[in-house]
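Below: a set of structures, written as structure tokens.
Two complexes are shown next, each including chain A; its partner changes from chain B in the first to chain C in the second.
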Partner chain A sequence: MSAKNLFLNSGFVRAPLQNGVGRYVCQLQRIVLKFCKSHGGSRGMRDFIEQDLVDFAKHHPGVVVYLKPRRHRSPVIVGEYLNGDRVWMNVHNKTHEEITKWIEVLRTQQGDIASVRLRKYQYTDHPSIQGPWTPFTFKDPELNTAELPSSKFGANNRLPMSATEQLRLMFEKQKISTKTEDLKIAE
Partner chain B sequence: MSAAKRVQQWATFARTWHIFDCKWQDPYESANIIKKYLMGQHKPIYHPLNDCGDVVVCINSREIALRGDEWRKRAYFHHTGYPGGASWTLAWELHNKDPTMIIKKAVYRAMKGNLQRRHTMQRLFIYHEENVPEDIMKNVSSQIRQSRLVPTRLDHIPEEEVKQYPKVMDYPKDYVLK
Partner chain C sequence: MAMIRASLQKLSRVFHGGQAGILSRLATNLAPVENKSVSEISKDVIAECNQLIEKNASRNFAIVHLLGKQWRVTDGDLLVVEGIWPPNIGDQIKLDKVLLAGTKDFSLIGRPLVQPGLVNVTATIISKGLSHTRTHFKKKRRKQYMRINFARAQQTMLRINAVEITNKINAKASNEC
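Up next, the complex of A and B:
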């Protein structure tokens, strides 16, 4: 099974059109608050509407706010975004403070980000300055002209030095040092 | 995709042909090395779902070296599927019948048993001697390093070199060499 068969859509961390670099465009376009006028589950929603809704609409003139009273149904917030996403959120039995926070979340996010599985936690338009890897990067240029197979490229070159080789080197060193001593005596 | 990007894609996912000399190598140890190249695990772009495996050409598979007395002790099992169809072939027998089989089975066993394994094995070429067909050899552009040093026989070293090699002592003149 591969990732494309998963229920959750995948995506990357994105900011639409570099939003906020020059000016900020609120991505939330419309918010609909559905509630019941009499049921206890909508208590927090009714409190929010009585106390904070007018201020919210005044502070955020870019967001269209709709109220939809409906009898004996649980309260719901629906947000619609510039990129066409629609977020449906049940706020049954939520308190006034919780609803204030959730509406703030809906206002500041840039789409339905909760239903996207992030493939990576970072994103860049320029993944590499040096250029992507190819099989030829970091290759020994001598390989281009080498006659393969050759023991130079095929033998293990990470083994420690053998005792025989060490003895031979010591012998070579000894030969050189005796020669220099002879020279000194001659002087 | 622009032309430059397309070429970049070809370059990154280009298949490299490696050659591996099995002479004096332990097949089960070298299978773990060959496996990495076959599956593409030596590349920084490796991912189990992308097709980045390389081709490996093994030569001299007749001259592999098994550890200890494994030539006599290791048995390869086969069952024909019929009752009484089980057979156990010793390593030396199998090697006499087909000198490429031991290294092939070693690489096959080194990889995890999934749907990809048989397709990955298609990228492995094994030759029992040094002569490789020309159309295969012309693709080879890289060599995999062996894990063990290939020992040199004394009678293969030039005589002058042997004479110049430092000696700890000389044999007495009346010493009889066997």
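Up next, the complex of A and C:
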């Protein structure tokens, strides 16, 4: 199963309305809690409404909270965002704590971010500041006026030392050592 | 005709003839000659960089270490960081682990970090939610082995507010005498 075969859109990192530049705006605008007053599946939801809902509304004045009781239907949370996204979540048989956590997730995210697979984890308007690298960046400026082909710039200095060169080096070293020995003897 | 051609060739040899040509000598003269000592050069370079910082002529960037990853950031960038991380939405944070900072004309390379207080990278947490559901599917053929797991990672989105070089290079810290 590859990502190609999933019904999952891919996208890039975006934030609506330059959010966070200068000021930050909470993106969750409206949250609707649908529940049943009598069924057991809504038990956790009813607990949340009784204990935490007033505090939630007090702490987050930017979020509009609606309650929608309906008979014999499972509980549902729907969040609506500034960019038009709508997130629907079934919370049947979820406990009070679980519902608290899910509502926090809905509040802090900036839209329906779970519906896209991110292709990149960074977005920038300025991909390069010092200019993109070319083969000539950080090269000796003398190269600009050199006449090519030149032995200085064209030399292949990336090859490992060959056996011949090694032998020659050894020979030279030997010559030097024999010379010094001769000198010592002469002294 | 032949004579003219020969003389032309001679002339061209004078101009282009490898090491001894007139043009090549001119070319080598074009290369800048620095007779200053190393300490003088470094002083000059630092002074010029400090001037550039004062002028604030170009956009800055920094390479920041964040949750085990290195990010190249500049003003207005968006980052998405994965994994459980305490900061919540609306928080302003300062990214302290700056590995490298630079402008258009110079770079300050940390060893491994740029000196503390020199570069100021601030960010705002924009969004904190869960990623899409990732499927971890494992199967071994002919071994009656198959596992399927689903995972959602926490994703925190950051907006980089500013990358500023606040201090002079090699300036003494305020608590240093």
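Note that in this section the second predicted complex is superposed on the first by the 120 of 187 C-alpha atoms of A that agree within 3 Å, B and C clash if a C-alpha of one lies under 4 Å from a C-alpha of the other, contacts with A are read in each partner's own complex, and residues count from 1 in each chain.
The definition used in the following text is that a contact is a pair of C-beta atoms (placed from the backbone, for glycine too) under 8 Å apart; a residue touches a chain by one contact, two chains touch by 3 or more.
These numbers come from a predicted model, not from an experiment.
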- Query: Once the shared chain is lined up, is A:L159 touching chain B (first), chain C (second), both, or neither of them?
  - Reply: first
- Scan A:D55 for contacts with chain B and chain C and give back first, second, both or neither. neither
- When the two structures are laid over each other on chain A, which of chain B and chain C touches more residues of chain A? C
- Applying the touch criterion given at the start, work out whether A:P149 contacts chain B, chain C, both or neither, answering first, second, both or neither. first
- Message: Once chain A of both complexes is superposed, is A:F171 in touch with chain B (first), chain C (second), both, or neither?
- Response: first
- Message: For A:Q130 in the superposed arrangement: first (chain B), second (chain C), both or neither?
- Response: second
- Task: Based on the superposed arrangement, let me know which partner A:V116 touches: chain B (first), chain C (second), both, or neither?
- Result: second
- Message: Just to be sure I follow: which residues of chain A are touched by chain B in one complex and then by chain C in the other one?
- Response: 131
- Note on the structure: Within the complex, chain B is touched by chain A residues 2, 131-136, 139, 143, 148-151, 153-157, 159, 167-168, 171
- Touching residues (chain side chain C, partner chain A) in the complex: 16, 23-24, 27-28, 30-32, 58-61, 71-74, 76-82, 88-90, 102-105, 107, 124-133, 135, 137, 152, 155, 157, 159, 161
- What does chain A use to touch chain C in their complex? 1, 8, 13-15, 19-21, 24, 26-27, 105, 108-111, 113-118, 121-126, 129-131, 141-142, 145-147
- Would you mind writing out the residues of chain B in touch with chain A in their complex? 8, 11-12, 14, 16, 19-21, 43-45, 49, 59, 130, 140-150, 165-166
